[in-house]
Amino acid sequence: MTTLAPAEATTVARPQRELTYAEAIREALRQEMRRDPRVFLIGEDIGVYGGAFGVTGDLVHEFGKDRVRDTPIAEEVIAGLAVGAAITGMRPVAEIQFSDFVTLATEQIVNQAAKMRFMFGGKIAVPMVVRLPGGSGTGAAAQHSQSLEAWFAHIPGLKVVLPATPSDAKGLLVAAIRDPNPVMVFEHKLLYRTRGVVPEELYTEDLKAIVRRTGRDLTLVAYSVMVIRALEAAEQLAAEGIDVEVVDVRCLRPLDEATIVGSARRTGRVLVVHEAVRSGGFGGEIVARIVESEAFDFLDAPVRRLAGRETPIPYNRTLERSAVPQVEDIVAAARALVRE
Amino acid sequence: MTTLAPAEATTVARPQRELTYAEAIREALRQEMRRDPRVFLIGEDIGVYGGAFGVTGDLVHEFGKDRVRDTPIAEEVIAGLAVGAAITGMRPVAEIQFSDFVTLATEQIVNQAAKMRFMFGGKIAVPMVVRLPGGSGTGAAAQHSQSLEAWFAHIPGLKVVLPATPSDAKGLLVAAIRDPNPVMVFEHKLLYRTRGVVPEELYTEDLKAIVRRTGRDLTLVAYSVMVIRALEAAEQLAAEGIDVEVVDVRCLRPLDEATIVGSARRTGRVLVVHEAVRSGGFGGEIVARIVESEAFDFLDAPVRRLAGRETPIPYNRTLERSAVPQVEDIVAAARALVRE
Amino acid sequence: MEPSLTPERLRSALQQMMRIRAFEEMAEQLYMRGLVHGTMHLSIGQEASAVGAVLALEPQDYILSTHRGHGHCIAKGADLGRMMAEFMGRETGYCRGRGGSMHIADVDGGNLGANGIVAGGLPIAVGVGLSMQLQSLPRVCLTFFGDGAANEGAFHEALNVAAIWRLPVVFFCENNNYAMSMAVRDAFPTELISQRAAAYNLPGVTVDGNDLHAVYAAAAEAVARARSGHGPTLIEARTYRWRGHSKSDRNLYRTQQEIAEWKERDPITRLRARLIADGVLGAAEADAMLAAVHEEIAAAVAFAEASPEPDPAALEDEVYA
Amino acid sequence: MEPSLTPERLRSALQQMMRIRAFEEMAEQLYMRGLVHGTMHLSIGQEASAVGAVLALEPQDYILSTHRGHGHCIAKGADLGRMMAEFMGRETGYCRGRGGSMHIADVDGGNLGANGIVAGGLPIAVGVGLSMQLQSLPRVCLTFFGDGAANEGAFHEALNVAAIWRLPVVFFCENNNYAMSMAVRDAFPTELISQRAAAYNLPGVTVDGNDLHAVYAAAAEAVARARSGHGPTLIEARTYRWRGHSKSDRNLYRTQQEIAEWKERDPITRLRARLIADGVLGAAEADAMLAAVHEEIAAAVAFAEASPEPDPAALEDEVYA
């Protein structure tokens, strides 16, 4: 739906081929699986069905049922399969069909995968990836629409990545697969069909924040689908003469504080935007990091947050839309903040 | 170990009987069970064994094995038992033996208990309590020492309570049992043996923050065991002429912003202290609430956090101690902040 | 015919099955036309299992339902208008538009809710059973779940706990041969799902889920056992879903021939024929019954369409009691 | 005596059992004296099950262990000094003092770690099995777990998946009659835990866990089956822990008489007697063996005590690779 201009435009050397976010993920998996025989996929309906969101698509035809492995509905064991395989020489990429179901796999991810290296005194590595389609906007209601990234960002030993663009979906996933640590990759369901330029070759993106658009008046700090909305909002605000910088956080743990703080320092005004429920969401962490940093003295207004409301995601379309920040909400909040 | 003077001293009307935190919880359970036949307990080893930390003690002898019900090791069903009983007329109090094991029950708690009322359009209530002994300091290492309260504070539909004193352990638990919503009560293992004055009669405490000590120079915002450490730190700082206010948050969801912000406004300097890992911990939320509030203009220094380090809890005593804030760390951080 | 299956109850069972079919066909149409959104899991082809199971219950008994739960809900006596209103996200819907198809609940009618989490209802059912036991209420909780759910850890924990405490629970597995694309033959090491009952020292029975009488008989026995304090039963009802898993399904994991074969075993056609053969019902009467059902559905849609949308300002109102 | 149980291996098995016993008795003393902290789950009385199971493995095979895992670790060949150092939180310990008793791991020796989460190792074992299958490595993963663990959902998911994919995993349940205070008779609806195997179409066997020969025989068969691609086995070894669950246990849930009865069935006394009777070992040799073991333990303690504590400055170093 949205083709990303600003950040992509800087990668001029790369061929201008467009893929959807879902296709980019598939290409990352395909190319890594060709390159590295240790990489394999596990999850529910990722084989012949092609994945609940069509992400794995035809991979089973190229790699066979062993390496694109359908499991019974058993999330705890899906995670355990990844842990056990990762510590004995493989590079598993597990899919949790909807990120909400990770609630059934938290034991393995949080107590085992995340802690094993530390508990064993550094004598083991757990190079696994968990892909988690999340977020609202599809009418799937309360148990299929959550944004739980903050949980995992709170757990030392995990890394937490949230790509916002097709090219990041590929590059960050490849980086996650090659990372010797357990990496949680939250994909947003609404992004799967968005298109953007994606380099054909294999490449990795750093698990670092990136400035997607520069501006002087205000910084929007966002991740996942909210980056796209923030960029749209920035366009609209530009028309009003408000010059907005957009920082795409991309990785919550480890958090690239420098990029965020640098931007906050430059603009003096920050609005943090995420879809997850506001209370206890990762936005609080970002606000705190800015406040604790040297940027505090450069703030012209309080750092503010715009985030999901204090409710489960409702089914009704209008309610659902009103439960999480939309472009117009970002525009309004940014406008108000600039005037503070 | 620590007898709380300041806050308790204000409740002069109540008889000065002392109980430990564990005894206070047991008394709350006993009195509520006597009063209300719908209240019953489920969990592992809560019967004859008396609970892993001796909390339920002899209750099984008074109320029998039906109402003090030992379960097999099956945390997901323990939570499910509570949900099913709560929606059909009972008032279950479930115990998760160590809060770390709640990772096995998050599906039922987060997807079912928390969302059921909302998903069903308000046509059901889920009056259940989950008791969760948490925290480090006992040498129990990485899988038995976590502080995961921030996860649940992020979930609309839940309430999250963390008593710091024996009298709160009783009053907040009674309030939780009577609450028509699912309430997560995080108890700290190190607090079980602390003593304090506990009224004999049945009473409830509001799920609101409380100022445990007033002061002018700085506010320490803390909860659970860190309240006790903050009060000790405050004593030491007083000797240096630094007058510290201590706010005990007590309930993370809903968060009593007014009390926190009010204190921040008065002192202009805030240090938020919790044991949980700093990144993604609830401290970020508290910082953000203060920054977003009218207190922002009254801040004389950035709001700062002191929290658990970015690591699983280690076994070695010295390492374990260094992984979470100690009294001397609070003193040092507070001193530095006052000088900023 | 079982003794307690009176002609009247059989006719009403057939009518309920027709209602489910017609309701879902309409819901599907509305979905295609964009009037219902989100996702939709249709149970077309499985009507005998929902109706046969619920037929064995008393009104005050409970059910817990699944993502494929329209049939359960209707069988338990829900109002079609309020259901349709829920699908269309209206304030008059069972969940006031907050839940939608996947979370439809009729608490007053004893349907404690469909569940978006596979096997999510099983632990709750055990809790309901315990609650009945503690309150000495002679009510039974029947929990529906799919074959896929039987591989979740929750299945195991739930059956074990219900078994050791002899709780009044009926575990009713609708084995429709697939969990999304995962075939039962690939997901289970045993021939029958009901074989798992032995692991918990429970009776386990597999029945033809497209045979209303067979389903009823098994359920009635299980309910009687549960109600009299002898504990749970695991029932496996073998059936088939005619439609894809949800609307995104391209049916790549099964053949058209297989689908066609199962359509031959349509539970509604079968019950209708049997009731006519048994003299319980005339053909004309059956046709009239179906016509009446279609009118009900039309009325349900009209009710839903005329109903107001929820007020966004009230969004956070129902989070807490 | 099984053919592959040579006199030498039997002597070494007895020695390992003595090592476990002596090691744990020492650990208990150190704990009482405050030199080891945290908690401590002793397997005294269960030595034959740990040693018998591991005896059936090749060095390159894997085990996954439990909170009651000292025996497993020693049986798999761990160095006592590094173990003791771990208990005392030293830098020379297996986990450099980060893990302690409950997380002891000897990755190079094929012990992928004790686990503080009941049943936490089962899903991992399935992953290890899959990994071996994918890499066509002829290695087996044997996962220990207690009776209590068999009621966790993870048990069910793990056995099912290992069964359908015929993974080279041995599920080794040490049924010591109690999960903390929960008696097996109250927690299970069946007589035998091994009866659960049938639910997954797996062989299930119950053996006397205090009989080294019986444990070995069952494990050897299961390992051979796993290694040859025929999939998992569920073994239930019946045994008993002499000590309380952990140090906080007041033994209120069992009788002194029961404990005394089980002490009569001491697996070490039993193996010692049998080996002497079979002419595998002389009494004097056995006594010398025990004396040597005690010297080893003393040396292990000395090594641990002389070892440095970890540096708090390095606390965050091993969180990420």
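Letters A, B, C and D name the chains as they come in the text, with residue numbers starting at 1 for each one.
Rule of thumb we're sticking to: a contact is a pair of C-beta atoms (placed from the backbone, for glycine too) under 8 Å apart; a residue touches a chain by one contact, two chains touch by 3 or more.
Quantities reported herein were computed from a predicted structural model and do not represent experimental measurements.
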Exercise. From subunit C, how many touching-chain steps at minimum until you land on subunit D?
Worked result: 1
Problem set entry | Shared chain contacts [subunit A and subunit B, defined touch] | C, D
Exercise. What chain lies farthest away from subunit A once each centre is taken as the mean of the Cα atoms?
Worked result: D
Exercise. Between subunit A and subunit D, what is the separation of their C-alpha centroids in Å?
Worked result: 41
Exercise. Roughly how many whole angstrom separate the Cα centroids of subunit B and subunit D?
Worked result: 37
Seminar exercise, completed: Residue numbers in subunit B touching two or more further chains are 71-72, 74, 76, 100-101, 104, 107, 111, 118-119, 141-143, 156-157, 310-312, 314
Seminar exercise, completed: Among subunit D residues, those touching two or more other chains are 95, 97-99, 103, 115-117, 120, 151-154, 157, 160, 164, 186-187, 316, 319
Exercise. Can the chain contact pattern be summarised as a line, a ring, a star, a complete graph, or none of these (other)?
Worked result: complete
Problem set entry | Complex contact set, residues of subunit B against subunit D | 44-45, 47-50, 52-54, 70-76, 100-101, 104, 138-144, 309-312, 314-319, 322-323
Problem set entry | Residues of subunit A that touch subunit D when the two form their complex | 40, 66-67, 71-72, 74, 76-77, 79-90, 92, 107-108, 111-112, 116-127, 156-157, 159, 180-181
Seminar exercise, completed: subunit D contacts subunit B in the complex at 37-39, 89-90, 95, 97-100, 102-103, 115-120, 148-149, 151-153, 179-182, 186-187, 248-250, 252-253, 309-310, 312, 315-316, 319
Seminar exercise, completed: Listed in rising order, the residues of subunit B that touch subunit A in the complex are 100-101, 103-104, 106-107, 110-111, 114-115, 118-119, 141-143, 148, 150-151, 153-157, 252-253, 255, 276-277, 279-289, 291-292, 296, 302-305, 310-312, 314
Exercise. How about subunit D: which of its residues touch subunit A in the complex?
Worked result: 62, 93-99, 103, 105, 107-108, 112-113, 115-117, 120, 122-132, 134-135, 141, 153-154, 157-158, 160-161, 164, 316-321
